[in-house]
Amino acid sequence: MRFSNRRSRAALAAATLAMAAMPGTLAAQDVAIRNATILTITNGDIQNGTVVVRNGKITAVGANVSIPAGIRVIDGTGKFVMPGLIDAHSHAALEGGINEGSESVTPEVVVQVRNDDPTIYRVLAGGVTAALLLHGSANTIGGQGRVIKMRWGQPVDSMYFQGAFRIVKFALGENVTRASSTAPADQRRFPMSRMGVEFTVQYWFNKAKEYDKEWADYRAAVRTNPNAIMPRRDLRLEALSDMLKGELKVHSHSYRADEILMLIRVAEENGFRVHTFQHVLEGYKVADEMARHGAMASTFADMWAYKVEAYDAIPFNMALMAERGVVVSVNSDSPERIRRLYQEAGIGVRYGNMPVNEALKMVTLNPARQLGVDKMVGSLEVGKDGDIAVFSMHPFAGQSMVEYTIVDGKVLFDRSQANTLRKQAATQGPGGND
Amino acid sequence: MVRRLLLAIPLALPAALSVAAAQANNPGGPPLARSDYALTNVRIVTAPGRVVERGTVVVRDGRIAAVGANVPVPAGVVRMDLTGHTVFPGLIDAATSIGLPSPTRQLPAAAEDAPAGGRGGRGAAPAQGGRGQALGRASTPAPPVVLPELEADAEAADMFTPTEAELKALRAGGVTTVGLVFQGGIFPGRVGAALTGSQSNSRLALRASAGQEVSFGTRRGGYPGTGIGSVAFIRQTFLDAQYEARVDKAFKAGTPGARPSNDPLRRALVPAATNTMPAWFVASTERQLIRVAEIAGEMELRNPVVVGTQEGWRAIPALKKMGATAVVSLDWPSPDDVTGRIFLAYGDGRPGTAPPVTAADTAEVRGNAAALAKAGVPVALASFGGESGTTFRDRVRATIAAGMSPDDALRAVTVTPAALLGITAAVGTIEVGKLANLVVVTGNDLFASGTPIKHVFVEGRLY
Amino acid sequence: MRATHRLLTTLFAAAAIVAITARVGSAQAAPGDDGPYLIRGGTVMNPGEAPMPNTDILIRNNRIAAIGSGAQAPNAKVIDASGKFIYPGMIDANTGIGLSEIGGIQTMGLRSEMGQFNPHMKALVALNVESEILGVTRMNGVTSVVTSPTGGVISGQATLINTAGWTWEDLAVVRTAGMMINLPGSGGGGRGGGRGGRGGGGANPAALAALQADFDQFMTEAKAYDAGRTDGTAKLDLIYEAMRPLFKREIPAIIPAGNEQAIRNAVAFGEKWGIRVVISGGGEAWKVRQFLAEKQVPVILGSIESAPSDDVPYDAIYAQPGLLYEAGVKFAFSTGNGSNARHVVFHAALATAYGLPPEGALKALTIWPAEILGAEKQIGSIAQGKLANLFITDGDPFDLRTQVAEVFVKGRQVPDDDRHHRLYLKYKARPTNVIVP
């Protein structure tokens, strides 16, 4: 990925421009957008409205709002303002691998964020301000993900979204029953069937309970016996124990109705909750069961037939699950779709005729709930973070595009300043014979 | 030059003790000549910031017998008039992998018949070779045997087998002592220290178990198979070693029911996990350094060492928080490769217009050690990852040019690495009783451009 | 991510059995009743024309029998389109529909024959009319698609089909719409805006030179054969015979070409052999847009739903169609895959956001692909005598909020019982809370 010294270097002017674009030099965390249509998500749409952000937080939203003197003002005439989009399933900006697929159960593993992945900029250019970066789906109980804000160029730990849930990735079905990617093909790894996946989950949660008991016994014993030996700490079983306690939220990759229902029942038998089903392409078949269990859903807008377990995927999935009370988000799982996540949400209107605001929730408030950040982001309300996307038109209009993306009151994407194909083409002639 | 000098001094007859020592270390070889020396009329930098403007250093039996302004020259030593020269403590390259096998380096084909596990691999690294063999098809040659990633009690000091040419190159750069750190693996072994004299003259190993190396590698065909898995595996393994220590203590105290696992990996890691041996984490970039700080904090490791640091200035809070000593790599990254720079090129999709590397960018990269020293992070300089030897002094010079004070730089190649490697009793300063590891240069400045090294002594032997 | 892609494409063979089982018993609904139909009072939106409000369309015998006002047809089924908009059916100019059902399964994903030179392979004759993808594709107004073979140097004959019909003959609009040719070493069409691709880009130079020599020989012999057949001296050869329409300029060569040089090479190839060329993919077509306009070489764009490589502007893929349009290059949109062919309208929508006028996008979805592939007399606009391929909406089809009300393919009103609607309606009607564990 990294470029070499040999790559052409342009004028100093380019460097100066680039430095100016670094977020560190954008000191102001105050910004206002005035005279725009505000899609608050939670309090309706406001015509000719204004949003004010001070010190990174929204301080005012409404039609009759005065803008403090001296802060940057974006003229929103004709534009649409909505909360920064949130992607509940991405693998962008990670390093060190996304699949510790050498074993079937590895919840002690945590993904590693790469704070200078250029994809982050392109994500911002699509209006996305936060994402859940997940472990891959190579194993039944995979690793822990990270919720980040797209504060690009900042030290890696300052990209972590403080206060977000700890989230672990499960995976069911075809991916996890294949031989692992790191093991030779002739050395199959258990499980190799959906039946084995169910047993794997049961087996490991039983181990986690034994582990919890071992520690409870120790804590009891040490009161009377100072020589009691503190048990071995096992990060894998601790993670499973945290799932049982609800401190580590389970997000499970899933496709078919049978495996969705299976995990719901296994969770109920073992006393934990499947917090969110990821992909959940046949969620519409068991939406009532999901709703009753309290599981949320994060799905593709419309992806099907790319493998057998995706053959019953339908674009009405979002609408059907939402109708039955499931909190639904639409995710990207791709560095391509994350650039146009708003369009993916709009597909929920095209197929299934979801109410427009419900569809917008699928990329704002609903993923915020799934990531545990809905108190901070996901709608335009006073007190929430100044994470905002400014669109040229309604985000579901065909000709709409993102003009500004703001994180914590900082403008991290500004279309007028960005290098665009048109700007580049203007410097390179008409493209004829030369 | 050195050789010529030796031939020119017929008085350089061996002391009986020296011959005996040499023979002891090289029992099959012929006795070698050895001499004692007095460096006179020389400016002496005994330690960073401590100078004797004109004095004498007496070298006897490989050690410094006397040093000071008014030191008599005993009979029977070679008097070297070094007017206009300065003698410094021999330099220490705090971390190099020269002369060491590597867990990531494949052995030559001749080693294919070696047993699985390579260099005496044992239970801690199960079936590495076996897994590798299974990958091969009958029609193709078996893949080369590779060394284990997990052999925490492997001693770099025991495995240090440089070529004479490598040693000569080190000495030519004024490097008389090296820290030995493996490249690759996860728990590849322990850090050691060695001298850079000729192997035929003395045993080079100076110290074993100077530190426990931890590197974020992966296992071939098993867990951990990724960088993210490696972090988890390292954390778990430290916890296991701490548990082993608890159980072992209870076992030795006779507590009923206590039974240590006696897993060799756990046992080998007990000293590092319980802060009786420093952990040396191989970490170069901003994100790796932050990762180490997280692990060190979680495992309550005191004063860990980060070795190979290239972007330390980007992670100063993390380094200070964990109380780390930074073994800074003098193998600078390209300014283009530094974390964050990629945004300047591609951050807003600016094709083909990576901003030119400016003098400031270069200074930032080369000023890594200076920035750390200024921030109060203890710094040792090392060639780790790059080549040592003749370029070592040039790189230290560039580090000074990038803002490190000459005294700080000298400290970073003498007393700090000596302390870090636990060899202060032997090297790092010019003091009576220490090994006579000396560098003599023309003029006053060890690191000045164009200053030739006049003489190098390793353990009293003139090269 | 690349890893994900690998996962998707390396499904093991056992899965194929499952898939085939799954397909059994899920035959598609009939393509729809033959009519006649009278669509009353809608606004007709033809590419390059002003909207025609309050217009009636009479459909009979698969075709548009009349357009105007006050049409009377006593036997016709009347569809009230007042307040609605009627667009010509959209065309996805590159898919694998009918050849490939589930990409991850070898036996259901075959678009390639063995060997390098396969001009005699015809996509049309292998089309599975029961492919579930056909029904799913038309539900969003995509009434025609190109299905193309892949692989080798000359992959075979692409066909232009409708998305509803009883047999592959019934589906066909243009039986052979173009010859798919991967020039050796071209690196393929690449993703839009990028330089990557397939087609021997990474092959070693010696192998590439050998392949190029084989290809030159093949072309030379095919050209000689064409002359020999014209003057009646050559014996019939089924393989070289398949090349003749190219030399007669009856069909174009469709050549994947991503970067600027590959595009220029493809154009030069056409000039050398006297054949028409259509660029496929065309990631860097914008760099040679005036050149392409002057040469009148059209482009079938690769998927707009692609991530650009790191070294091009972030909007490169979205913005390219606008630049081509302004330069006068004729182009079509394509999804390239099949199962998401109905998204082609959203591909076009993205292009309109970044500078392509909506009327240009409509052309590139309808009349232009028809012209590029020799079907402009059959489809591409709503005109008397053309096949009645059209869809009715309540608004701008590029707007995600717009609902598609009706779809007509070859004069048949297609029912909403494609695989997705079937499952939708089944589970929408599932009684709530009946399951008590």
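Brief remarks on what is shown
In order of appearance the chains are A, B and C, and numbering begins at 1 in each one.
Simple rule for what comes next: contacts are C-beta pairs under 8 Å (C-beta built on N, C-alpha and C of every residue); 3 or more make two chains touch, one makes a residue touch a chain.
Predicted model, so just to flag it, every value in this text is computed and none were measured.
Nearest to the global CA centroid, when each chain is reduced to the mean of its CA atoms, is chain A.
Ranked by separation of Cα centres from chain A, the top chain is B.
Averaged C-alpha coordinates put the centre of chain A at 33 Å from the centre of chain C.
With centres taken as mean Cα positions, chain B sits 43 Å from chain A. The distance from the centre of chain B to the centre of chain C, with each centre set as the mean of the Cα atoms, comes to 63 Å. Each of residues 346, 348-352 in chain B touches at least two other chains.
Chain C has residues 308, 310, 312-316 in contact with two or more other chains. Multi-chain contact residues, meaning those touching two or more other chains, occur in chain A at positions 1, 98-99, 118, 121-122, 418-419, 424.
Considering their complex, residues 1, 3-4, 6-8, 10-12, 15, 18-19, 22, 101-105, 132-133, 136, 140, 286-292, 294, 305-308, 310, 312-316, 318-320, 322-323, 327, 338-340, 343, 346, 349-350, 352-355, 358, 396-404, 419-420, 423-424, 427-428, 430, 432-435, 437 of chain C touch chain A. Here chain A touches chain C in the complex through residues 1, 91, 98-99, 118-119, 121-122, 125, 136-138, 174-175, 178, 181, 265, 268, 284-285, 287-289, 292, 302-308, 311-312, 314-316, 320, 323-324, 333-337, 339-340, 343, 346-347, 349-353, 356, 392, 396-401, 418-425, 428, 430-433, going by the rule given at the top.
Within the complex, the chain A residues that touch chain B are 1-5, 7-10, 12, 14-15, 18-19, 21-22, 95-103, 106, 108-118, 121-122, 135, 143, 152-153, 155-157, 180, 182-184, 186-187, 227, 229-236, 417-419, 424. Put simply, chain B touches chain A in their complex at residues 131, 134-135, 216, 219, 221-232, 235-236, 239-240, 243, 246-247, 250, 253, 255, 257-258, 286-287, 290-291, 314-315, 334, 336-337, 339-358.
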